[in-house]
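Common to both upcoming complexes is subunit A, partnered first by subunit B, then by subunit C.
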Partner chain A sequence: MSDSDETPYSERPDWKDITPIPLPCGDVVQIMYSDRFKDVYSYMAAIMQKKEYSLRAFELTTDAIDLNAANYTVWHYRREILRNMNISLDQEVEFADAVIKDQPKNYQVWHHRRCLIEMTGDPSKELDLTATTLGKDAKNYHAWDHRQWVVSQYNLWEGELEFVEKLLQEDLRNNSAWNHRYFVVTNTTGWDKEVIERELEYTRAYINKAPNNESPWNYATGMIKGNGHSMVDFKSFVEMCEDLYSRQIRSPFGLKVLAEIREEREDYEKAIDIYMVLKETPTVRDRYWDYKVQCIRELMTC
Partner chain B sequence: MSGFHKDVTLKEDQPTQLLFSKHQQFLLAYAKNQNSYEYVMSEWLRASGVYWCLTALKLLNCDELKEDDIEEFVMSCYSPETGGFGASPKHDPHILYTLSSVQILALIDRLDVLDRDKVISFVMDLQQPDGSFYGDEWGEVDTRFTFCAFATLSLLGSLNSCNVTTAVGFILRCRNFDGAFGCVPGSESHAGQVFCCVGALSIANKLDKLDCDQLGWWLSERQLPSGGLNGRPEKLPDVCYSWWVLASLKIIGRAHWLDKDKLVKFILASQDDETGGFADRPGDMVDPFHTLFGLAGLSLLGDNQLAKVNPVLCLPQSLVDSLGLKLEVSTVTS
Partner chain C sequence: MATQTAEADNMTQEESIQKDPAIPKVLLKEKHVRFFKQMLNMLPSMYEKLDSSRLTVLYFSLSALDLLGALDDLSEDRKKQIIEWIYSLQVKVDGSGDYKRCGFYATDSLPDTLEQNYGHIAMTYVALCSLVILGDDLSRVDKESIVLGLKHLQLESGAFQCIAFGSESDARFVYCASCISHLLKDWRGVDKDRATNFLLRAQSYEGGFAQNIGREAQGGSTYCSVAALVLMDTLDRVPDRRRLVDWCIARQQLGFNGRPNKLQDTCYSFWLGASLTLLEARELINKDANFSFLMTTQDQYMGGFAKWEGYLPDVLHSYFGIAGMFVISGEVPLHPALNISMRAYTHWQKNAVV
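Up next, the complex of A and B:
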């Protein structure tokens, strides 16, 4: 990733004019940093103090990042150099690619990437970059965040629902993909009743495949209630919940939703029945079921 | 509950008691061993590292770190031109490390060394017209920074120096269809971000903006059969979520929705009985970050050996009381 020249900066003739600033010592104990680390960072400290914006300083930041890519101050300094000099941003985008590939969960490089795209105004590689990163870790929060920014900033909504579908085919439990779907619909068609019906149909297939999967249940109830509706307004959704129950499928998410549907209908005793079924198998969730039962009993006495 | 969750299985030979003095030793040794690889590599977050170690030691009722040294370190991270603090000397100021620094000074009762107005102006200047906060001049936005801003200003007695209304508006735009919160509008709900949003709303006295039942359900769904908590659906449990999730639930008055005994068991199992300290999950390597949040979680769960911790600021409750801070916490629902 960095220059293949591994000669210490202390031995390079073109760096003779710089006095390195030694790294701070802990107590009186001998420092065990690697020699390369000490060399690079002592020159980095000197260059930053001097505020030198040059090609050699730029290359030094490459080495510094190679040694510790989380050092946010070095990334800042690198960007200052980019701002001040005529360095190829295309190459810099490739550099960011390499660091992302190596350390996909590093905050600083993703932020750097975003700054670069803001500078170039060219988002053409970003969907591929995030798709590749998500191909290795489908829940990488930084990659999703970057993708959402690119898609909304540059209006690249086309193909996003298909992208989500592809990921859900690979892992229908990928909560990030469900979240992205909600984001895309919100920012394209919006959530009128027709869209909700369509998305509920889409979700139904996944619920039937894996009723114990939290994400599609959140997605379904979220789109209904978040847009001012009640679950009873959506007949086929209610039928699905009743059907799962009648087939003895005891998903806690499905049962909770069914209880809430019955509560919406003011079928309070039937709602409590569901919570009792849930409590038949003791789980970490029992206190919550007790609370829901209590709430319903309070409604009944009103 | 089901075999489909990503989870861990606890083992018989994992610790079941709080290794109180081992954690003291671990934290003190970490603070002193400034030549370890981890210490060197973590320079870019050092101020937060000091906050984690110091708070953890305070929860363990241990006062052995030299306060003068700590004050000297913190002030060496200060940038007088901007009023902000960096992670280490000569690092650029950032809101994350500004909060950590102010928390540290509060812990050692040295807030008076600050140029309060200057630090307040650093935070205020980071607020954007849409209510969000940048982390620093480079423009990254994240609800974490809203929490850092509110917490810093609150500790300095000056929350209203920023525009609380627009800030709250931004937080609410980060609420998702599942009732939880992400880092910017539309980003996936994540327990760490939930804590930041709930904590910020508490500081602003705006918990009434939350649907506490819906959020409480999402948060309690983080608990897995092992007893541990994850940060979002279908992820592994991690001890730090004992803080982000539990503190959030505490603030909204629904912490009792978790199975307390199972959570305690998970946290204790994540201790290292040789070195002391807590890891993210049983058997992994320990670090100060998970040590603080493991201890803070246990304190919230009522462990009497530990000092009581405030669920909003993750500082000893006694300190929060002495500063006269009133942070909104919902009363317990049945």
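Up next, the complex of A and C:
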């Protein structure tokens, strides 16, 4: 990142006018700062004390960020310099690219990126940036957060469903991609019954490919219940659950949904049967299945 | 298409952990105490990148020692010294009535005389917890400034940012604001209605809570949201609590993962264990399975816990390994929303001057 001058600031003639403020050295959670860290931050403190907004101050923040990219005070000071001076924002966007590439889970650089886009008003690189980041880690929460922000802020919905499809082809267990799909539908067509039917059809294909995948089950039940419906309102979805069961497919997610469908129908004994199937081999969730059975028995006595 | 479910695979895995003689099956308390005592004193230079969250390292270490019953290994002088250091990180108000800088900062690497040194909401939260753990009565906390300072951090949406010059805003900081308000017994800095509405809108279709509206439900944000709602006393406004509990329970593999189809990770034992405790569903957790998993991430040589088996321990996962174990087993009582021992909390109830 910082490939320029490696000379300590304390030895640079063009910094002679600045008196560095040394870092304290105590003995509570005391970090044994390296010489470079002490040098850079003692000058950073002095510059901030002076409130100097200059090119050299800007370059100093680059070094400070290189040493600790989580220092939100330094990032903010850097933005103040950007606002006060005529520094190229294009270059700054590239700088943010580099830090994101190196530290894709750092909160401060993603916030900085968002600030930059708000300053330039140009979101044209953001879909590529997030797609590249997701290419290395398809579930990076920051990348998805930034993508969702850009898409909703600048109305870039077109192509998002295709983007999700591409990611699900690569990994149908990518829960983040499923979540993004929900987000896109919510903010475009919304969830009328026709859309739900279409999305259930889409989901069914993925469930049949890998019934033991939690994500599409959450997606399906989420769109149904989240929009005020019951599962029994959707015949082909119910048929799929019954069909998987009759074919001896024992997905715990599918079985739980089937039990809930039967509970919706007030077919309480049949719902309990399913929980018993779930308990046939010991699992980590045995206590939970027992609790579900208990809840149903309570319903039966009402 | 497997007829034996992945659930059954988990139990096979648990058996093999139980049978493996190379994995200790007890919490190595002495080793962990040594690990955290080291953190309290000196950290090697690779921790430079954690300089901006140094106060959280302090909090993790103090709270861990407290939970492990080793807090009194620290002399009274040492405790006083630590308290003084914490207070040295409190923003001194200049009498201008401008409270937006207020709270505590993370570190003294930038001097407190710097105007640009603002209080950070998470550092304020961990500073208060640390003081409470050490038995301080909070009389030197500038409560008025902190509470009024919180107002500058709450946005139109109801979410909080962490620092007044601007930052990302999400459930984490609503949580911090709630803890601060609770410990200072003063909610003037939080519009509870707006904060609650924000959190509820961030409950995803899955039933868990995301960091923000439309984002993916995740274990950490679920904890922050549930704990904040409990502290604000608005948990009953969650529309589908059953679905929330279901989602949390589904996170248990042996230990817990943070999102569907992700790997289990030490710290989620706390995030989900505490969430389920707050939701009064702790008894549904398989305690033995969680313990078995934590035994694989416990570092039997260095002490502490790593996020995954075979990785090096770090202070965050070490703390949450211990807190996660105790919040689920109940062996050491822990306040599930504030994340401090009940011993510390009881002391605060009796002694805090706020």
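Just so we're on the same page, the second predicted complex is superposed on the first by the 295 of 302 C-alpha atoms of A that agree within 3 Å, B and C clash if a C-alpha of one lies under 4 Å from a C-alpha of the other, contacts with A are read in each partner's own complex, and residues count from 1 in each chain.
Note that in this section a contact is a pair of C-beta atoms (placed from the backbone, for glycine too) under 8 Å apart; a residue touches a chain by one contact, two chains touch by 3 or more.
Source: prediction; values computed, not measured.
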Query raised in the report: Which term applies to subunit B and subunit C once both are placed on subunit A by superposition, clash or fit?
Result: clash
Query raised in the report: Thinking of the overlay built on chain A, is A:222 touched by subunit B (first), by subunit C (second), by both, or by neither?
Result: both
Query raised in the report: Touching A:232 in the superposition: subunit B (first), subunit C (second), both, neither?
Result: neither
Query raised in the report: Now for A:294: first (subunit B), second (subunit C), both, or neither, which partner does it touch?
Result: first
Requested in this report: Please indicate which partner A:119 is in contact with in the superposed arrangement: first for subunit B, second for subunit C, both, or neither.
Outcome: neither
Report task. Go through the superposed model and pick first if A:249 touches only subunit B, second if only subunit C, both, or neither. Result -> second
Query raised in the report: With the two structures laid over each other on chain A, which partner does A:73 touch: subunit B (first), subunit C (second), both, or neither?
Result: both
Report task. Check whether A:131 is in contact with subunit B, with subunit C, with both or with neither, and answer first, second, both or neither. Result -> neither
Requested in this report: For A:89, select first, second, both or neither according to whether it touches subunit B, subunit C, the two together, or no partner.
Outcome: neither
Requested in this report: Return the residues of subunit A at which the contacts from subunit B and from subunit C coincide.
Outcome: 24, 26-27, 29-33, 37, 45, 48-49, 68, 70-73, 76, 111, 114-115, 139, 141, 144-145, 148, 152, 173-176, 179, 182-183, 186-187, 212-215, 218-219, 222-223, 226, 251-252, 281, 283-288, 291
Query - Residues on subunit B engaged by subunit A in the complex (per definition of touch) - result: 1-2, 4, 32-37, 39-41, 43-45, 86-87, 89-92, 94, 138-140, 176-179, 182-184, 186-190, 216-218, 220-221, 223-225, 227, 232-235, 256-259, 262, 333-334
Report task. Report the residues of subunit A in contact with subunit B in the complex, numbered from low to high. Result -> 24-27, 29-33, 37, 45, 48-49, 68, 70-73, 76, 79, 111, 114-115, 139, 141, 144-145, 148-149, 152, 173-176, 179-180, 182-183, 186-187, 210, 212-215, 218-219, 222-223, 226, 251-252, 281, 283-288, 291, 294
Query - subunit A to subunit C touching residues, read off their complex - result: 21, 23-24, 26-34, 37, 41, 44-45, 48-49, 51, 67-73, 76-77, 107, 110-111, 114-115, 139, 141, 144-145, 148, 152, 173-176, 179, 182-183, 186-187, 211-215, 218-219, 222-223, 225-226, 248-252, 256, 281-288, 291
**Report entry** Complex interface listing, subunit C residues touching subunit A
**Finding:** 1-8, 10-11, 14, 39-45, 47-55, 57-58, 61, 81-82, 85, 108-111, 113-118, 120, 162-163, 165-168, 204-207, 210-212, 214-218, 240, 243, 246-247, 249-250, 252-254, 259-262, 283-286, 289
